[in-house]
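The two complexes that follow have chain A in common; it is paired with chain B in the first and with chain C in the second.
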Partner chain A sequence: MPQLQLIASPQSHAEPAWAVAFNPKRNLLASCSTDKTVRLYSYSLPSSSKPVHQHAFPSASSDKPVIHHVKTIETEHKRTIRSLAWAPSGKTLATGSFDSTVAIWEELDGDGDEGEEEGQEGVYKPKAPTKVSGDVDMDDDDGDEGQGERDVKEWECVTTLEGHESECKTVGWSADGALLASCSRDKSVWVWEVQPDSDFECIAVLMEHSQDVKNLSWHPHEEILASASYDSHIHMQWDDPDGDWCIFQKLHPKLPLSQINIPRSDAAASPSQGQISAYNSLVTALLPTPEEREAETYLNVPPLLEDETVWSLAWSPCGRFLASGGDLGGIRIWARTGNNPDSPFVEIAHTAAHSRSCFTLAWAQGGTLLAAGGLGILASAGADGKIIVWQITTPVSADGAEADAPSKKPKVSIAPIAAIREAHGVADVNCVSWLQREDGGGQGVLASCADDGSVKVWRVVADAE
Partner chain B sequence: MAFSGALTITDLDDFLTPSQACIIPVRNGKAQSDMTDGSTEIHIDSDNNYYEVSTYSTAVAGPSNPKAALEKKALERAEINLNDCLACSGCITSTESLLITLQSHLEVLTYINSISSPSIDEATPPETRRPFLSISPQTLASLSAYHSALTSRPPLPLGLLLRRIRHFLSAKERGSWTVGDTTFARHLSLRESVQEFEERRAYAKGKWVDRTGGQGGYTPGPFPVLASACPGWVCYAEKAQGDLLPLMSSVRSSQGVAGALVKQYWGEKAGLKPNEIYHVTAMPCYDKKLEASRSDFYSEAHTTRDVDCVLTTGELDLLLQDLGFNPYAPTPLDHFSPSSSASATAPWPDLLTPAGTSSGSYLHTLLAHISASHPRPSALHTRKLRDSADNEEYILYDPDTNEVLFKGAKVYGFRNLQNLVRRVGKETGLGRGKGAGKLGAAVAARRKKARAGAESSASTPGTGATTPASGTGADGVEVGAELERLKRWEEKKMDYVEVMACPSGCVNGGGQMKPVTPAAAAGMEVDEEGYPRPMPDPGTDTAKPKLGKEGGEDGEEGWRWSTKEWVQRVEELYWVGEGGLLTPPGSPGLTGGVEKAREGEAEVKADELAERICRDVEDTLGPQGRWEFLRTRFRKVEGDVLGGEGGVTLEAVTW
Partner chain C sequence: MDIDASYSFGRRGEEMEDVWDETLNLETKFYQEGYADGHAHGQLHGLYEGRELGQEKAWEVWEEVGYMEGFALFWVDMLAAGEDAGKGRSKDARAISHARQLLALIETFPTTNPTTAPATSATATSASAAPATPSSSSDQAPSSESAPALPDQGDTEPDLILLLSSIRARYKLLCSSLGVRPRLLAAAGKDGSSGAGVENDGDVQVVVQTEGVVQEIEGPMKGVDTRMLRY
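Entry: the complex of A and B
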């Protein structure tokens, strides 16, 4: 039974931290906050971090990745930085702020003597010949890959995108980095095209949401954009080959809630102490405490009949499924029912998850193998302070192929595999983000941030310590 | 968003509204309260009057203070008028709703009722104002398309439709209206735009002479000139892009000129003071109501506005339907000769439709002017940016010398407008230009390097189409010269931009008729604007996934496509002149040197009349009066509520 293991809690922001994101190419993690700063953290993976097989989680006793703070970008945003996103190249960072603007950040070129030829990006640089002095966290330098970023230079705002009338809530880059989308409380979703010279051209302003647009998420490899709103709808948008950017489907959650499906303990098969304690901790984290039960009976609030805000979105790595997190704490799964870019989506699952709003979702590869129907691991968190990791699987037939043809309504199972209460004390958890690397290293490493300004890094481990 | 096209007035519950509290009631003469103790209640009596009643006095002071028990103070009614709203960047949605109730077809119906059957009620003075209706050509095109689709009959030419409305409303029982269209006013507006363009050129060369002797406090602005005929764009620019206002054309829009023309010129000829005329316009867009409420178009002396009431196309149709108008019923005016249309019933020439765009041909008028005033033949190069007809660049050049005579663009729709703002900000250094202005040296150097690399491999920009107008063409030009030419095109800064807030321009205005739906044709229940009710729930289409583009009327796609075709249809009808003759929109021949000769008799007459009117106005009112007659000013709307800089007042909020 896997478990969430805390591996780092680097220095906190002064005010609520809203978003975290791992750089897709460099060993960097970024976080942003109401304190109007972006903090960059370097991480290095232990040499033993190569998984046994592609999807296995490391053992709890194995060497931990090391994370330390390397840079604070003081931005010129006038209000809270609500979200951030790394371009797929890893070279550009976008921040979306409550001051209604989106800022684009790039690292300054080297100071002339080294940066030019080598390229500043230093993707998985080989071991540096000399140690940087004074770096307190370099004790794990024996790793042959994934060393921390040592020479993070100044980051400069290269352009500001204006246009939103009020708070920008989320920014996101398309899979190939050619497009940037932003959404705002002004009910609009904007799509910008990246031009040469850090220039951006607005190619779409979608104004069909009737309320605050909370979140958006790009399809992992197609130019499909999902946006979620306080109007309780998810809009699916694309660049119509016969026209402009437009909505091809408006999703409206309908399925009733089903209870959390806690998998049976597999402790019976391999009854180790670790397995049993891991299972117990999962159950404890997911089920209400006696106090909570008591409070519930006192309150006895009838379930809300009105629609719920859609707070969060996450695409499955394969791109066939979309998860959404609601104001009532449930998670819904939507499946694409065809192979066209604008094939419609249907709601296929709605599971109870959090006891309050589910603010954030992150979906990455990992866990059950693809051949066994594994669709990856989904992390969720929210106002109840819990972080839950779910294993998503789809039934497979005997020959290993997925049981369902894509045109039919696919089935998925959503099973919690690890969960932690009070991940950031009593604070709401605002964002979770998986580390995802091309080389598969660091699988199961998750960053989270919370209202108390804290940023934490966790990993899913195969067993309890 | 301040754009009518994006607004549905029937859906006004907007949770954003309270975020920018309306402070007008708070500001209005806050009288010192003599009730020093905090605890008061507000009572409402049966006549809806509000009273502030002190509860403290009775409870604490008790019977020992009998005066206090009776203390009851009538509260002043807070009034918010349109000008308050225009001066605030706050609740746009609510502003719109206010406008709709203030200027609606019901108001016009009330007027018609009061003039046809004078009230016996002593309190209300009898209605004596003479009615005048100015209809925009886009409105006529939309009505023609709508009634054609509704009845499955061939569309009416705009001139015929105009004369039928004119005949219908001229009946005594309907108020004996004078009905004109706004194209002659636009003609004046276009002529003035050319003059303004030349003024700005002269000013840039230091050769401008202020004929008003400095009275007007006006100096010509810098380039590029941004068209100001679209009130949606004006509204947005004043609220969000205050730094670009000096670029805005100071020329009144066609509605603005029509207002002056009717109240000041036509009124004088008819022996009427401005406040003795009831001037109604029919416009393709809701924001024209905002425009009509601008202080420049209000006469203090006569306490009247140039345009008293603005109806949208949809509202005009409702009005006509309420009065029992049948567009297909023949009238004696049907066979009126267009050449003699400036007769007793038509106040000025009908339907002057200059080639160019259906949104007013502002850009094409300038192109024709520049081309005609250039001593040698010129050629026009156009290119669509991003393959969109709503974002087109026009370069007028001399094919012999490669001199770029004029670079203009038409930019329609909110999205293209955003890029225009960015582009103009970059070209002129105006605008807020936050990040871009503070580029670090290293970033700037990197960009410069990248640019140098890109230039050496320069290729044809975009999907251009060069149309040599006349004389020697661009045939057989060697590659070097071609590159040189492209470079010049790229380097030339923008001279004029025809900006419209709606995609496809005014034919697609927010106030236009909506496509005829099977429901409407079958006489299903419709709301006050003629849309079928109840509106389909936007979220219900998850249940039945659409099959594809051909998915029928119920799906989102079916609706989308029909809208596109609908706008196309209105656009086509806009260009159908008298007797079904097509006026070619923006034909390439337009910029040829011989263009003048192609102008019809009607245009020549219109020019003569326009000339005469301008002279008359200047003779009676002087150069400054002429300026006021044809021009207007734009003001930056400060973030009033929280004293922010420009549009985003939220920045001042700490969060």
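Entry: the complex of A and C
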């Protein structure tokens, strides 16, 4: 049975850390925080990091990736940085802040003639590498260059996008990097087009949510944008060829909760010691402890009847499914019925997951093979402090094709395969992000950040240590 | 004399019954009279208050929409002049098209209040109320309209809230493409009073801003700053 293994806990923020993201092209991890900084961490994968079989997670005793902090970018944001996103090219970083602006960052070349563009604000003045005493990270090279990596140079803010009237909650790049979307508490979703010379042109403002827009997520290949809001709806938006960005569907969750189905098969048949302990840890992580059970009955909180905020969104790597996490801690799966960009979505599953809000979801390749119906691994985390990794599969028919005609409702099965409780102690986990590289290396490596400012990196291993 | 009233008969008996009826039903009679009186009074005042509110809201909505229209018209002229002179940049082309789309949207915003049909009540939310011309069914008190405005009542009635929000979205888009910060609140008026009733620069300003505060009407609306009742 797989497990989540902690591989690094680099020195990170002192105030709540809100988002983490791996650079899709370079060996960098970024995190942002209430302290208005962005921290960059460099990682290196062990040379044997390619999994032997595509679907196998590495063994717990194999060499671990190494991560350490390399740079702190002191941004000119005036308030908390709530979200960050790497462009698919890996060269540009967007940060969304509570000061209602979105800043775009690029790395200075050695000769320093990186974008002196219009609207340039907050030129980053290079600082001496930060030296903090009392480091507790595993590698104490704070501020030094990455091992065997080219130097991490200074990062400069090349543009500031203004326009939102209140706090910006999430930013995201489209699959090809041509568009950037931002959403805000002012109920609007803005879509910006990237022009040459780091110029950004706003091409759409969508104000159809009736409340704070918490999250947005682009489709992995097409230009479809999903936005999730406090008003409990998910809006699916696209650029209508007839000329304008518009919403082609408003999703409203309806399905009731179904209980978590913890798979027993592996532990039942000829269990090894490692498997038993892994299974036990999954069970301990997911099921409430006797104290918790007692506390719940004592508190006697009646279930919430109002519609729940949708906090998080994640697309499946194949692009046919969308997962959403809600305020009650459940995860819903929506399936696309059809192959057009504006094909409608239907809700097909709603599983219990967390005992409090599910703040973040991340869905990547991994686990069961595609040919066997595997849709990837989904990581979820939230206010209950747990990180859960789910295997999502779809039934495959006898002839090997996907079992569903587009008109029928697809089915998926969601099963937890690994979980950790109190991943960051008592702090809420705000964001999780999978490492997804083109060469497939480092599969199952997950970064998380929490309200206590800590950033941790985990990996899914095939067995317990 | 033990005359038992219930056994009264004949003409004299009837009179006695009427007398009893009158005294026993006195309460009911006064209650009904009072109710009828109050109801009619309430209807009348409800109508007045409704018209007042409608005028108020119409003014506010159109102040905002009118500002955006003027803004768009100005920029269309400015940018068109640039285009003609052959100095237009692609950014300006984008801005012009946003401005023109904004104008087109504003054109669709209704400027008259459709006559309310006698049977159905809410065909217009107060956000759409035009100058309060008394409609033919003016005996129907607006305060008794409890049915919410439907988004699509027949082909002629656009959803005004939606329209307003798409106009605002288009305006923000236009501002972004021009590089201008949009004005967030409804207007500063000619007398320099601030909008939205939130900022009070001092007592003098508060007194000047009585246009927003309902003074004349008795009842729950008195002393209420209707600009706080934004839709």
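In the analysis below, the second predicted complex is superposed on the first by the 423 of 465 C-alpha atoms of A that agree within 3 Å, B and C clash if a C-alpha of one lies under 4 Å from a C-alpha of the other, contacts with A are read in each partner's own complex, and residues count from 1 in each chain.
As a convention for this text, contacts are C-beta pairs under 8 Å (C-beta built on N, C-alpha and C of every residue); 3 or more make two chains touch, one makes a residue touch a chain.
In this text the structure is predicted, and so the values were computed from the model without any measurement.
For the composite obtained by superposing both complexes on chain A, the positions of chain B and chain C are in clash. Contacts of A:165 after superposition on the shared chain: both chain B and chain C are touched. Residue contacts after overlaying the shared chain place A:207 against chain B and chain C alike.
Judged by the touch definition given at the top, the superposed model places A:198 against chain B, while chain C stays out of reach. Once the two complexes are overlaid on the shared chain, A:188 sits against chain B and chain C alike.
Once the two complexes are overlaid on the shared chain, A:251 sits against chain B while remaining clear of chain C. After overlaying the two complexes on the shared chain, residue contacts for A:294 are found with neither chain B nor chain C. In the superposition on chain A, A:422 contacts neither chain B nor chain C. Of the two partners, chain B and chain C, it is B that touches more residues of chain A.
Comparing the two complexes, residues 162-163, 165, 188, 201-205, 207-208 of chain A contact chain B in one case and chain C in the other. Put simply, chain A touches chain C in their complex at residues 162-163, 165, 188, 190, 201-208. Against chain B, in their complex, chain A makes its touches with residues 34, 76, 78-80, 98-101, 103-104, 106, 108-109, 154, 156-160, 162-163, 165-167, 185-188, 196-198, 200-205, 207-208, 210-212, 230, 232-233, 242-244, 246-252, 254, 337, 344-347. Against chain A, the residues of chain C that register as touching in their complex are 91, 94, 165-166, 168-170, 172-173, 175-177, 181, 184. Every residue of chain B that touches chain A in the complex is listed here, in rising order: 1, 6, 11, 15-16, 19, 240, 386, 388, 414-415, 418-419, 422, 432, 434-436, 438-440, 442-443, 445-447, 450-451, 454, 538-543, 545-546, 549, 556-557, 560, 564, 647-648, 650-651, 653-655.
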